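Two complexes are shown next, each including chain A; its partner changes from chain B in the first to chain C in the second.
So, the complex of A and B:
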C-alpha cells in the first residue's frame, strides 16, 4: 500500500484516482458528553457531508478507510464509568469505547445503514495522511471504486498526556529509559529547532511571520477551530509573549487539541468526472518509514530524510519542485514546518533558508504561498486541514482562502513528522 | 528533583542492574559491533536477536542539544519546573543518545558541545538511573 522507497518510478495510477467530496463536522474544544457530539457521531456527520458534497448516492460507495486512533492525547481513564447513555444511542460493537474514544469500520457501518454496498474496508494508522495513501492505492488497484476516508479526533476534559503513566509513581523499565525526563510532546521538535538555529544562525523570533500567516489563513478556513470559536489574529507580539512549553517551543508552537472530523470521497478518475465537484487528481503518494538511530532524530537525520522524501514525492509524480503551485506540509508543531519546506526545495530554498523565506511574502496573495490552509496552527489539531485545502484550492472553492498569486495546478500535503510520514501530490489535471 | 521510579522488566533488567552498581551498559549487536539505545528485541541493523549483549561504555560524552521544560506532563516533575532536558552523545559512538536533567547546571545555561560524565542518582523507588554532570563547558 505504501511507496517507501526511491527508484519506484512514476506511480502506476498517476492521474487515475481523484478526490471529489469533502466533509467536515463542526469543531469543539472538548467533548460535552452528549451522544450527538461524540467522536463517532461527528465522524458520521463528516462522512455524510462528503457523500453529499460529491453528489453520489450512498449505495454507490463500496469502500471505507478509517483512521481508528482518535485521541489528541486524552484517554478514557481506567475505572471511569462508561457513558452508557451515549453507548446506548448507537449500534455498538463489542468495544464500549468504540465511537467514544476510538472509531472502527464496524461501528461506522453499523451506524450508517445507508452504506449498503461497502465491500472494502481498511485502516490507515494514526493520520489522515496515512489513510489517504491507503485510499489512493486501493482505488488505483481496483479494490474499491468509490471510497470514503475519515479521520476524527476526540478531546476530553483535563490536560492532555497528563494521565496514565505520567501520573504514576513508576515506569516500566524499557519505557523509563526515554520517559523519565519528562519532555512534553513538542520537546523533540524543540530540540531539533534549537540545533537548526545554532547551525544556521537563526532565531525563534523569525518564526513570527509564519505563525501570523498560518493563523490568518486559518481564520479564512470556515471549517476550522479558530475561525469557528476564537477569531483572533496572532501577531508577532502575542506569539513571542506566549509562555514556554519546552523552550524554544512556546504555547502557540503547539497546536491546540480539539474535537473534529474530516472526510473525503475518492473515486476513479472516470467515475469522478460525473460527480458534483471538480475532480482533484492524485499524481503520487509517498511515505517515509525512516527511524532515528537513537532517542531523537538529529538535525542531520531530519535533513537527510526530508530530502529523501522529496525525491520520492517528485519521482512518483513525475514533477519537480518547480511544478508546485503551493505546499501544505504538516505544521503541528510549527517548528518543523521549515524542515519539510527545505526538504522539498520549495521555491528553491536550501537547508537553513526557510526562516529567511518566512520574512518575505508568503501570503496566499503572493507568488510563494506557504501553508495556505493555515494547517494545525491555523485551525487546530487535525492533520486534515492541509489535505482539505489542497482539494479545495485545486477545485477553486477555497473561499476567501483561495490562492491568487499563483494558478492552483499542483500541490503537495502530508506529514506528520519530518521522519516518518505520508505524502500526497494533488493536481487539477490528470496529466 | 526526583524522577518516577523504575520497574525493570526481564528485557531491561541488565541495564538497571548495572545502574544500581553504578555502571553504564548499552545494548550491542555482536554481529554488527553496533550499539543501539533504546534497546530492542533485535538488532535494528541486521535483525539478529541472538547476537545482542549489554556492553559497558565509558561514561563520558558531550552535550548535543538541550531544551528547557516549562510544562511537563509528568506529575512528579512538575514542582521542579522549569528544568533542563539535554541530549547526551556518548563518547566513542556519538550516534547513541541519552537524556539528562544535567543536575547542577543552572536552567537554560547549558553549554552545547560541553563534556559530561555519567553519575547515578536514585529515583522515587530507589532504583539508580544514569544521569550526567558537566565537567567542561
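So, the complex of A and C:
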C-alpha cells in the first residue's frame, strides 16, 4: 500500500485516481457529551457531506478507509462510567467506546445504512495523510472504485496528554526511555529547532511571519476552529509574548486540540469526470518509515530524511520542485514546518534558508504561497487541513483563501513528522 | 486615567488602598471558553471602584484587547500567563490579586509573582465584587 522506497519510478496509477468530494463537520473545542456531537456522529456528518459534495448516490460507494485513532492525548479515563445514553443512541460494536473515543469501519457502516454496497474497507493508522495513501492505492489497484476516507478527532474535558499512559505508574516499551521525564509533546521538535537555530544562526523570532500568515489563512478557512469560534489574529506581538511550553517552542507553536472530522470521496479518473466537482488527480503518494538512530531524530537525520522523502515524491509523480504551485506541508508543531519546506526545496530554498524565506511574501496573494491552508496553526489540531486545502485550491473553490499569486496546478501535502510520514501529490490535470 | 486609591476602614480609621486585579479569561469570565462565573458587570464594578484591572490569559494579547474593547471596558494591562511579575513591576498597588481557574497556570503563577489568588467562585463572594462594600 505504501511507497516507502526510492527508485520505484513513476507511480503506476499516476493521474488515474481522483479526489472529488470534501466534507467537514463543525468543529468544537471539546465534546459536550451529547450523542449528536460525539466523534462517531461528526464522522457520519463529514462523510455524508463528502458524498453530497461529490454528487454521488450512497449506493455507488464501494469502499471505506478510516483512521481508527481519534486522539493522541485525550483518553477515556479508566474507571470513568461509560456514556451509555450516547452509546445506546447508535448501533454498537463490541467496543463500547467505538464512536466515542475511537472509530471503526464496522461502527460507521452499522450507523450509515445508506452505504449498502461497501465491499472494501481498510484502516489507515494515525493520520489522514496515511489514509489518503491507502485510499489512492486501493482505488488505483481496483480494490474499490468509489471510496470514502475519513479522519476524526475527539477532545474531552481535562488536559491533553495528561491521561492514558502518561497518568500511569509505569511506561511500557520505548516510552519508558523517551517519555520517562514527562516532557511536553513538542520537546523533541523544540530540541531539533534549537539545533537548527544554532547551526544556521536563526532565531525563534523569525517564525513570527509564518505564524501570522498561517493564522490569517486559517481565519479564511470556514471549516476550521479559529474561523468558527475565535477569530483571533496572531501577530508578532501575540506570538512572541506567549509562554514557553518547551523552549524554544511556545504556546502557539503547539496546536490546539479540538473535535473535528474531515472526509473525502475518491474515485477513478473515469468515474470522477461525471461527478459534481472538478476532479483533483493524484500523481503520486510517498511515505517515509525511517527510524531515528536514538530516542529523538537529530537535525542531520531530519534533513536527510526530508530530502529523501522529496526525491520519492517527485520521482513517483514525475515532477520537480519547480512544478509546485504552492507549499502545504504539515505544521503541528509549527517549528518543524521548515524541515518539510526545505526538504522539498520549495522555490529553490536550501537547508537553513526557510526562516529567511518566511521574511518574504509568503501570502496567498504572492508568488510563493506557504501553507495556504493555515494548517493546524490556522484551524486547530487535525492533520487534515492541508489536504482539504490542496483539493479546494486545485478545484478553484478555496473561497477567500484561494491563491491568487500563482495558478493552482500541482501541490503536495502530508506529514506528520519530518522523519516518518505520508504524502500525496495533487494535480488539476491528470497529465 | 490614573486610579485613585479607594478607602477602607481599619479600626475606625480610613486608609487609602489601591487594589490591582488580574483576570484570567477562559474558565473565569462569563465570556470565556468555557464560560466562568465572573460577569463583565462585576469587572465594570471593580473598575468603577477605582481598581487597577486587566487580563492575564493564554489568549493572544490582541485578542484580549479585542474582548475588552467589545465590552467597552477600559483596562490597565493585558498580558500573557507568565507575565504577572511584569504587571507587578509596572504598577504600584497595595494589593495584587489574580483570579483564575487553573492550579498550574493561575494559582501557581500568581503566588510565585507575589499576588493573592482567588478562584472564580471565591471572587464572586469577595467584598471587592459587592457594590456597597
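Brief remarks on what is shown
In the analysis below, the second predicted complex is superposed on the first by the 420 of 431 C-alpha atoms of A that agree within 3 Å, B and C clash if a C-alpha of one lies under 4 Å from a C-alpha of the other, contacts with A are read in each partner's own complex, and residues count from 1 in each chain.
We take it that a contact is a pair of C-beta atoms (placed from the backbone, for glycine too) under 8 Å apart; a residue touches a chain by one contact, two chains touch by 3 or more.
Note that the coordinates shown come from a computational prediction; the quantities given were computed from them, not determined experimentally.
Three-chain overlay on chain A, with chain B and chain C fitting side by side and no clash. Once the two complexes are laid over each other on the shared chain, residue contacts for A:229 go to chain C alone; chain B is not touched. In the superposition on chain A, contact is made by A:183 with chain B only, not with chain C. In the superposition on chain A, A:243 contacts both chain B and chain C. Looking at the shared chain after the overlay, A:29 reaches chain C, while chain B stays out of its contact range. With both structures placed on the common chain, the touch criterion links A:94 to neither chain B nor chain C.
Between chain B and chain C, more residues of chain A are touched by B. Here's the short version: in the overlay, chain B gets within 8 Å of chain C at its closest Cα pair.
Put simply, chain A uses residues 243-244 to touch chain B in one complex and chain C in the other.
Contacts from chain A toward chain B in the complex involve residues 159-162, 166-174, 176-185, 187, 190-191, 194-195, 198, 243-249, 291, 293-296, 298.
Of all residues in chain B, only 3-9, 11-13, 15-16, 36-39, 44, 64-77, 82-83, 85, 87, 95-101, 108, 112, 123-125, 129 touch chain A in the complex they form.
For chain A in complex with chain C, the touching residues are 29, 229-230, 232-235, 237-239, 241-244, 251-252.
Residues of chain C touching chain A in their complex: 33, 58-63, 66, 79-83.
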